[in-house]
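Heads up: the structure comes next, in structure tokens.
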Amino acid sequence: MSTRGSGTPRVAGQQSAPVSFISGTDGSIRRRLFLSRVFSWTCRFVTYAALAVLIVLLAAIIWSSVGRLAFDFVYNPNSSNPIKAGMLAGLWGSFWLILFTALFSVPVGVGSAIYLEEIAKDSFFVRVIKTNISNLAGVPSIVYGILGYTVFRSLAAVLKVWFDGQHAFNILGLFRLRLLKLPIYEDNILVGALTLTLVVLPTVISAAQEALRSVPSSIRVASLALGATRWQTIWRQVIPAALPGISTGVILSTSRAIGEAAPLIMLGALTITTMVPGNIDSPVKLITRPLQVLHAPLDQFTAMPIEIYDWSKRPDPQDRFTAVAASGIIVLMLVLLSVNAVAMVVRHYASRRLKW
Amino acid sequence: MTIHFVNEMEYLHRDILSMCSTVEELIHDAVDGLNHGRSELAQEVSLRDGEVDRWDIRIEEECLKILALYHPVANDLRRVAVVMKIAAELERVADLAVSIAERSAGIAEHGEFTMPSRLSQMTEEALSMLHDSIDAFVEENSVAARLICKRDELVDKLNRELIEEVVTVMKRQPELVEPSLHLFSVIRHVERVADHATNIAEDVVYLVEAAIIRHPRLHR
Amino acid sequence: MTQAKLPAWAIRRISRRYEKLIQAALFLCAALSVLTTAAIILVLLTNAVYAPGAKTAFFERVSFWEFVTGTHWKPVDGQYGRFGIIPLLCGTMMVAGIASLVSVPAGLGAAIYMSEYAGPREREFLKPILEILAGIPSVVFGFFALKFITPWILKPMFSLVGIDLQIFNTLSAGIVVGIMVTPLIASLSEDVIRSVPRSLREAAFALGSTRFDVSVRIVVPAALSGILAAFLLAFSRAIGETMAVTIAGGQQAIATLNPLQGAQTMTGFMVHASTGDSAADSISRMSIYAVGIALFAITLTINVISGWVLRRYREVYQ
Amino acid sequence: MPAITSSSVPPSVAGVDRNLDMSAHPAAIQVNGLDFYYSEHQVLFNVSLTVPERSVTALIGPSGCGKSTFLRTLNRMNDLIEGSRCVGQILVEGQNIMDPAVDVVLLRKHVGMVFQKSTPFPKSIFDNVAYGPRVAGETNRSVLADLVESCLKKAALWDEVKDRLTKSAMALSGGQQQRLCIARTLATNPRIILMDEPASALDPASTDRIENLIGELCANYTIVIVTHNMQQASRVSHQTAFFYKGVLVETGPTMKIFTGPSEKKTEDYITGRFG
Amino acid sequence: MTIHFVNEMEYLHRDILSMCSTVEELIHDAVDGLNHGRSELAQEVSLRDGEVDRWDIRIEEECLKILALYHPVANDLRRVAVVMKIAAELERVADLAVSIAERSAGIAEHGEFTMPSRLSQMTEEALSMLHDSIDAFVEENSVAARLICKRDELVDKLNRELIEEVVTVMKRQPELVEPSLHLFSVIRHVERVADHATNIAEDVVYLVEAAIIRHPRLHR
Amino acid sequence: MPAITSSSVPPSVAGVDRNLDMSAHPAAIQVNGLDFYYSEHQVLFNVSLTVPERSVTALIGPSGCGKSTFLRTLNRMNDLIEGSRCVGQILVEGQNIMDPAVDVVLLRKHVGMVFQKSTPFPKSIFDNVAYGPRVAGETNRSVLADLVESCLKKAALWDEVKDRLTKSAMALSGGQQQRLCIARTLATNPRIILMDEPASALDPASTDRIENLIGELCANYTIVIVTHNMQQASRVSHQTAFFYKGVLVETGPTMKIFTGPSEKKTEDYITGRFG
């Protein structure tokens, strides 16, 4: 047995020298500890700088908003008078946009995530799709604006011609009388929503993929081993398990569309308008004016970030629109914050219910 | 594990071999005493039997240690079991050696008692069986071991003949009853040494072939 | 259970047609993304490079060489305008460069701090802050740069050294874009840093490392390619950034590397061009597609590289 | 006469399973000349093995020798791995399961599987056990309740969970989870149960319960178990098969393999002298 | 594991107890034969010895099986080891029983040979030692077992006295040499039965206390 | 006289460590009345244990009984866990390491640790082993090279890797990685090595090598090893300590614990009768 005798001498040889672990006994250790401390303070500083920036930003905006921020800001339409200018049109425009964006992007996004994660076998085409999605996520949103402008807006223009011509309605046979009186626009809500759908789709897909991936594959294998079919496995095991993750991810990525301005501007969305889509300027009308509700998606629109952009850029020697822009920002941020809060609540309950 | 285990098995092997040689020496000395009648022999043999007893305990402890710590299986398990058995057999052989030495001392007391000539043939045969069985163990030679089992019959025959001889002597010369009785015991002991050698040989067969051939009657 | 009976599974295969239908529908969803890319490329190409039928495409009217090397960008200069992309490129790269200078150290430092130093409670507190910062729309940052950073911070600072800062300047635009992408770097880097197994840190501590040793010698090198990918991604995001830059950076397309001046970026130009009212197939309208192609190509290239780096990194731990 | 087998003469005092005569049992699984490939990488070479009905067969062998792969061919779980290919014949109760006409979904109900890591679904205990019958179309609540109860009883878990059937299965301990997985498999009414290192992630006490459970289940089910743990193989199985580098080196009654294996490789492996 | 293992241990226990009772019966019958001289006894005892041999092999196989498959440790390991040893001892006791029966047949041939009165005392003592040691094993009573070891001395004393008596008889009545020699063998055999009982008792002490008390000389 | 211990009389034929008389060795670690809490949850109760120098001490016990926690207190790795609290005395070579003045960085160099999962750094093999000396300030390339060689030799890995020292350590097999981790620990020149289930993720052959390595290392180092595997504990250790629910139930020479434990609990545990 290889024992003592054959053992090689110890590395540094001080067999029985008394050891001490007391700090400060070794100079090099002191230096290393000092370095370590300096590094930690530097990192802490930059991290808290982010907090500082956030606070300064909020403070600057609130401070700038003094002079305009009041309740009437949310129910006044836009105006060239900074004292009267409000955000009604932008709020409703954003509402309709986000509604339709969610309607389009969630099923398609979740569906493709399920296809990619659960069904697709590893083939060339699937790899193409996967790389493609990750690359689409990095495409600047303004490029989607170009696409929306060129494709969706042109389609809408064709549709507009159709609708303007009587024959279209003879074919459709719907709402002929009322709708005829309301104009159909080529830069309408649906065009905007479709464009925004393309913008958020890659993020929605990868959020859903992430959620599906976090479902341990052992569950799938176990389900298959119990004689479930593939679709049964997805429907009864994978989706329920991934649902909390999917919903949080999807809420967060869809809400990105609320702040998007660039693609909408590319579409030629109105910058200065008092128009509320479908003339629905209060939630009550959502119920009392069903025809207007039907018309809204085909109406022109503006959106919160567009209005803010416009107010900030307005060449105004007295800087009177700064306060309006700041007020608009506050409203926009409040909307975003509440959406985020919803997502956080979902995440909180979800993570409490599910523990792997 | 391997190194430790292999080492332990090696120690065990070394120990059982040491025990074997001690016991062989012992029984040889005891049998020698029969012919040359040294009276202090009994004392000496008995002392050395203590050593064998220590080997016995030591080997049993080692075997149990291996069983507890290394959980041998297959060949290794059989080897441990066999070593335990052989150690027990050897311990008994050593005890017999002590008895033989004591008896030969008893015979020596009686002066001119002549040993039957075939006794030395019998002891030689028995001791050679013991030696051969140990060899078979070392060499893991089950063929040799099976042969040894056969040789027990010869010893049994000699045993019967010698005992008849002793009876005749006793009947004829009652004054020689005591040495004869000692001799009788010696013969029985030698016969048992051969039996133990047979047992060892049977154990060797088990070790190599994983087959228990003890109690041959059962297999007929 | 009679032995002679065939097991149920051996008799025949059950056809499950509805499963096939569902799978086909899901496949169409996934294929949509490829369609989108194809559409983007098609749209950009047909309008910029070659339009079937009429000679309306941009490069059919303006030479490619001029576009790439020209140092003047004046879409409404005279009848034809001058279309050299260099000024827009300068603006874009300046903004992205300044943004990187701000965001790389800040993002990495924050990532290291949150994963290596902050306790769970502190992290619970810091993470949402970064998330909020990341979720702020870019118009807000544009406003912040234009109405606060420039007049209240940069202008006083530069006036100390006697330099007069323009109201529209690339510096403030770059800084806010840097702030905007910092959370991206921080969270991507933190993800990769945290995916460095905890066991590796413990092993390093057990070998007598200080926290600095662990962070700098083990964690960052182990996550290096992931961090690099995060930088690249952030850089590409900065290039594609639109509203903040448009608001704060001004609309003068001049070929300059002076961050104290205003400059137009590629994205800025596109916004500018589409809010103006040029005719639908005028050459200045068509230049949007040319710039769009450039922007798309640049960001795509960087993204592909970063994706490749990230995949290489992932392989290390599999 | 073989060494420690049961041919000693006194009439059987012992329980049935000690000296089960395997050859008398009909074969539940019969594998003939099986080759298996992952893409171009062959991991099983001409494996032939017969698994008698209602017995426990242990597969042992060094890591990567193909035990799990072999196990997974038996209910075609390997179909899920792309590029895998299987040549040879696998008869389950006389039917070749490699036949393309075989419905794998039904096959897998018939040949259940339990995995190394317990994989309870994030549902209630009841729903976990009822899952198999439900996907097979059973909806009658009372039928399900009876089935769940009987399966949990068979898996020796009923007493521990009967008061919290509607609680999440994730709250059970590791050992309980593993028994739940066994119950869940039993609920699909299999005749054969494959187990891939079912106790390797458990502490000795839970391992023990699983082993005991296997001992009980083999009265009604055919069990094939992969294990790294030689002691476990020796404890639970009637028959042991030793794999080495994709080859089935030796198979035989467990006692035989563990005291008098005929191959040197087997002996070296079970005495831990490998490497 | 537990259930299987516990079952196996139970089987083993049941088997060794069966063997114990078989051997006890056997030795009792053999000793009875001494007093009542039934000549067909030897035949019968020898037949039943075959049964004991089978038990011996069976138990050894079971022990090895348990060692290979269940890797017992602690108490269980000691129990398996002890059962193996006890089985071996009992097998030898059974062999002795056969020898005793043969001898008593030999004695019976000689008609009016009177048995020394203390022989029955000695056999009773030896058999009761055997019985008690088995009881101690069943009850895992190491105190009782240690007491049994002490009782061996009494048997040794009786042994010596009886042998002297036999020697006297042989010297005085040479015609009785043959039955006396048989008797001598019987006495030695009985003494060895007591030795085996002592061994069993020592094994019981080991089982309970994990201490080997064999070869008491070593511990003095 | 204790059963199977070494007090038999014949003069030592066997190797030294077989019957190592532990009490004669000076204590490398002495723990007195240790309590340990994770936040408010106490997981160790009044643990006292002496680890002799140059011996292998195995910690066994059911899952969750606090073995790992105890091990990690010995080089204060638990400091990294927030809210953990430790009461009592731990003397490492006579010094109380709970003293706030103790520098944990120095302590951890002195008391090395090897983990369950092998954790090679994603660097070259050379850089892995050289890591410890390098952070300690050693920069001389040739000194490092010598050190790396000697440590790899001690860890019985040199021959396998000497031709690819600059290759990534991630490309090694599981068993090699684990030996690399041991080499890496040796390079910091520790006197004590703590191992937390170092072989539980390895196959038998690699396990074997690790166990042999432990057998060799204990000639020069004090080793404390946690294991779930009773056989492993029995094979590699001189001393065994049995933990149960945070209490050190019994400690003693391994042979003693494995053949004649004095506590019923210990015996039940090592004979697998728990639960």
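Going in written order, the chains are labelled A, B, C, D, E and F, and every chain counts its residues from 1.
Here is the rule we go by: contacts are C-beta pairs under 8 Å (C-beta built on N, C-alpha and C of every residue); 3 or more make two chains touch, one makes a residue touch a chain.
Only a predicted model underlies this, so the values are computations on that prediction, with no experimental measurement involved.
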item	value
Those chains which touch chain E and also touch chain D	B, F
Shortest contact path, chain A to chain F, counted in steps	1
Shared interface numbering between chain E and chain B [over half = same, under half = different]	same
Pair of chains joined by more contacts [C-beta pairs], E-F or A-C	A-C
Between chain B and chain F, centroid-to-centroid distance (C-alpha), Å	47
Geometric centre distance via CA averages, chain E-chain B, whole Å	20
Multi-partner residues of chain F (at least 2 other chains)	3-4, 9, 15, 18, 105-106, 135-136, 208, 215, 230-231, 234, 258-259, 272-273
Chain B, residues touching no fewer than two other chains	1-5, 7, 54, 57, 61, 64, 68, 71, 73-74, 77-78, 212, 218
Sequence positions of chain C contacting 2 or more other chains	210, 213
Residues of chain B touching chain E in the complex	50, 53-54, 56-57, 60-61, 64, 67-68, 71, 73-74, 77-78, 81, 84-85, 88, 163, 167, 170-172, 174-175, 177-178, 181, 184-185, 188, 212, 214-215, 217-218
List of chain C residues in touch with chain F within their complex	119-120, 197, 199-200, 202-210, 213, 217-218, 221-222, 316-317
Chain F contact footprint on chain B (complex, rising order)	1-5, 7-8, 11, 14-15, 18, 51, 54-55, 57-58, 61, 64-65, 68-71
Contact footprint of chain B on chain F as seen in their complex	3-5, 8-10, 13-15, 18, 207-208, 211-212, 215, 231-232, 234-236, 254-255, 258-259
For the chain F and chain D complex, residues of the former touching the latter	62-64, 202-206, 208-209, 228, 230-231, 269, 272-275
